[in-house]
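Listed after this line are the structures, all set down as structure tokens.
Presented sequentially are two complexes of subunit A, the first with subunit B as partner and the second with subunit C.
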Partner chain A sequence: MEEIRIEDGRTVFCPSGDIVASMADAMRSRLRDVMHEHPGPLAIDLAQVELIDSVGIGLLIAAHNTLAKAGGRLILEHVHPDLCGLLRTMRLDKHFQIEVA
Partner chain B sequence: MDQMDDEIMTMFVEDSCEHLENIETALMDLERGGADIDEELVNTVFRAAHSIKGGAGFLNLTNIRDLAHKLEGLLHMIRNREIVPDTRVINRLLAGFDRLRGLMASAADSDQEDIAAMLADLSGLTAEHLSPEQLAQAAATVPISLPDGEVVFREDELSLRQALTGGKNLYLVEYDLIHDVQARGKTPLDIINTMEASGLIVDCRMDLTSVGDIDAPPSNRIPFYVLFASLVEPDIVSYLFALNGKAIHPVDLAALPEAPAVASDPAEVLVFGPWRLTIAGQRASLTVEAGAVPDAAEARQALLACLERGLSVEVSWADAAGVDLALLQVMVSAGVSFAHRGLTFIHQGGAPEGLARLAERAGITPTILETLELPAATLFAPEGPHGQ
Partner chain C sequence: MFVVDTTADGRRIRFSANLSLLDRAVDETVAFLRTRNATGRLFEVQLLLREALVNAVRHGSRLDPGRTVSLEVATAPDRLHLVIADQGPGFDWRARMADKPSPTATRGRGLCILALYADELAFNEAGNAVRLAKRIPGLRGPASPADRRGQALGEDKHGGDSH
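Presenting the complex of A and B:
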């Protein structure tokens, strides 16, 4: 289950585990509800995420695309170093805002 | 800065200092070897710069990252025997690593320091060892497209050629993260690891728009394009990546279209009356509006702007409406001035109507041009649409 908090004017969505295919459908509908309820800046806190698979990447991109339509971009917080390496290698750091801390 | 970031920073500084520990000795040994380089030694220093660059990029330490990147570039050229590690070069490297160590001492505040002069100095050293051809390559952008013509990447030619050092093959690989990766029980990290173990990822890109937004149904296709340089031959590469051969496109650098005059920096356009001067990287092109009277004084200003910046120029003036003696004089003296400075001044697309006749009436013949050490093509352009 995810925890939602509002911080510095942005909505922070915190998945409690990896963003992978088995979790993706449930997480997608939760995230969609959150984004409808709180339009505006959105961050996903990855403190408890060690693995993101292809479906997970698709979910992050979908959230980003919705934000981008309103001129925003997806913020990722507390990105694990390995994940950060992956996102950079895939050049996704050019689209998402990646915050180590 | 929170605790987690603090811990990573401490680890980064400790690791970096360890890397930097024996650099000085290694560099001095390198200098003693001169042109006969010890590759293992160069690699040790290269890896130190490379890993510091990576860590600093991760921590957003811009100064440390940029300085490490410049040092890495120089070491890459030494490794490729494009620069001889003589005393002057080694002194620059020693100074650079010394500065890096200084930045590391207060890593968290390192972006407050002004290192612009040091970066410029190292860039200068790199640039003076690039041949004019390499400088032109650095400014030229090469489009890399799928068989259907869609351009997926635009890369500068120099980086491509550097990535291909050693006769490697270049491939444009199309992955679909859902069918080629997820459905096979793999993660994107697996495919990246496989590729990095057998070659170099020059660039990659995801097609974000095909994924849709959060309200759309989950996408069953996520295209991921990779530009990959590898020693692996074409017949083996599809096995290696467990991909259908149709998804792997060998790129033949020699067969790519002539690089257009576009640089990685956006082109700058200066307008001088009817003349437009387009500057992209090290290339300049001067064109005259079709049908406009090609004003000589304005042309002179535009050409002076090129000379000031040390740029070779390509002039397209075949569509100009009439040429007068003043413009002819400007063009001839420009030809002399450019040649004098080792720059090229050439015409593109033929000479304007009546130019050759005018030149001959003024007593300027191909022979006269030769005595000025100018190619006849300076004025008597090869047959173009309006060639005489």
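Presenting the complex of A and C:
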């Protein structure tokens, strides 16, 4: 179960495990609710995430696209170096703000 | 359905096409690779496994639990070989491989990840089976002395785990 906290006026969404196909539908729904309840800056804290697959990447991009419509940008915090490499390889660092763990 | 068989080179896992069993197949494979001296987080191996299996479960099998996905895992010194197959009709992998997703696309990155992280990648003509190879330094093949000792001691009794 993910944790939600509000820090310095932004919402921080903290998944409790990997962002992969088997949990993507539930997380997509939860993230949509969070973005509706807390419009404005959003960060996803990946401290407990070791792996993100292509379905999970799609979920992050969907969240970013929603934020971008309002002029925002998705922030990813505590990104494991392996994940950071994946996101950079996929050129997603040009879209997300990535903060390495 | 989730069945694990021991083969000459490793394991063969067959499972009903659903995402929970996909997770289990990945966990089983990683646990098996640990017995063959694979160390570290195995991030790239897990990513390859997941992308190939997601393709088979979601797209090839359309999440139909009546369809079976198979995963063959074979180890050789420093090298892992995987074959993932589904019972679907396949897809035009040549066209899909050439079709790069736009930066804001929320789908279509699985094949890119396979191509980027696999050392070898080959689909069959129909596109319902894919063969992957990945270098894993330190990985043992099945005929290593340690394995033979393990089998002589009866440690390798994983086959036929049916649920």
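The working rule: the second predicted complex is superposed on the first by the 100 of 101 C-alpha atoms of A that agree within 3 Å, B and C clash if a C-alpha of one lies under 4 Å from a C-alpha of the other, contacts with A are read in each partner's own complex, and residues count from 1 in each chain.
The working rule: a residue touches a chain if its C-beta (ideal position, glycine included) is under 8 Å from a C-beta of that chain, and two chains touch if they have at least 3 such contacts.
Note that the structure is predicted; figures quoted are calculated from it, not measured.
Trainee: For A:4, using the defined touch cut-off, is the partner it touches subunit B, subunit C, both, or neither? Pick first, second, both or neither.
Mentor: neither
Trainee: Of subunit B and subunit C, which one touches more residues of subunit A?
Mentor: B
Trainee: What is the contact status of A:35 with respect to subunit B (first) and subunit C (second): first, second, both, or neither?
Mentor: Only subunit B; A:35 stays clear of subunit C.
Trainee: Given the touch rule stated above, what does A:51 touch, subunit B (first), subunit C (second), both, or neither?
Mentor: Both partners.
Trainee: Given the touch rule stated above, what does A:95 touch, subunit B (first), subunit C (second), both, or neither?
Mentor: both
Trainee: Could you look at A:78 and tell me whether it touches subunit B, subunit C, both or neither (first, second, both, neither)?
Mentor: After superposition on chain A, A:78 lies in contact with subunit B alone.
Trainee: With both complexes overlaid on chain A, does A:22 touch subunit B (first), subunit C (second), both or neither?
Mentor: After superposition on chain A, A:22 lies in contact with subunit C alone.
Trainee: Do subunit B and subunit C land on any of the same subunit A residues, and which?
Mentor: 21, 51, 53-55, 57-59, 61-62, 64-65, 82, 86, 89-92, 95
Trainee: Okay, in this complex, where on subunit A does subunit B touch?
Mentor: 21, 24-25, 28, 31-32, 35, 51-55, 57-59, 61-66, 69, 78, 81-82, 84-86, 88-92, 95, 100-101
Trainee: Using the touch definition up top, name the residues of subunit A that touch subunit C in the complex.
Mentor: 20-22, 50-51, 53-55, 57-59, 61-62, 64-65, 68, 82, 86, 89-92, 94-95
Trainee: Can you name the residues of subunit B that touch subunit A in the complex?
Mentor: Touching subunit A from subunit B are residues 1-2, 4-5, 8, 57-60, 177-178, 181-182, 187-189, 192, 201, 203-206, 208-209, 211-216, 218-219, 222, 224.
Trainee: Once bound in the complex, which stretches of subunit C touch subunit A?
Mentor: 19-20, 22-23, 41, 43-44, 46-47, 50-51, 54, 57-58, 103-110, 112-113, 116
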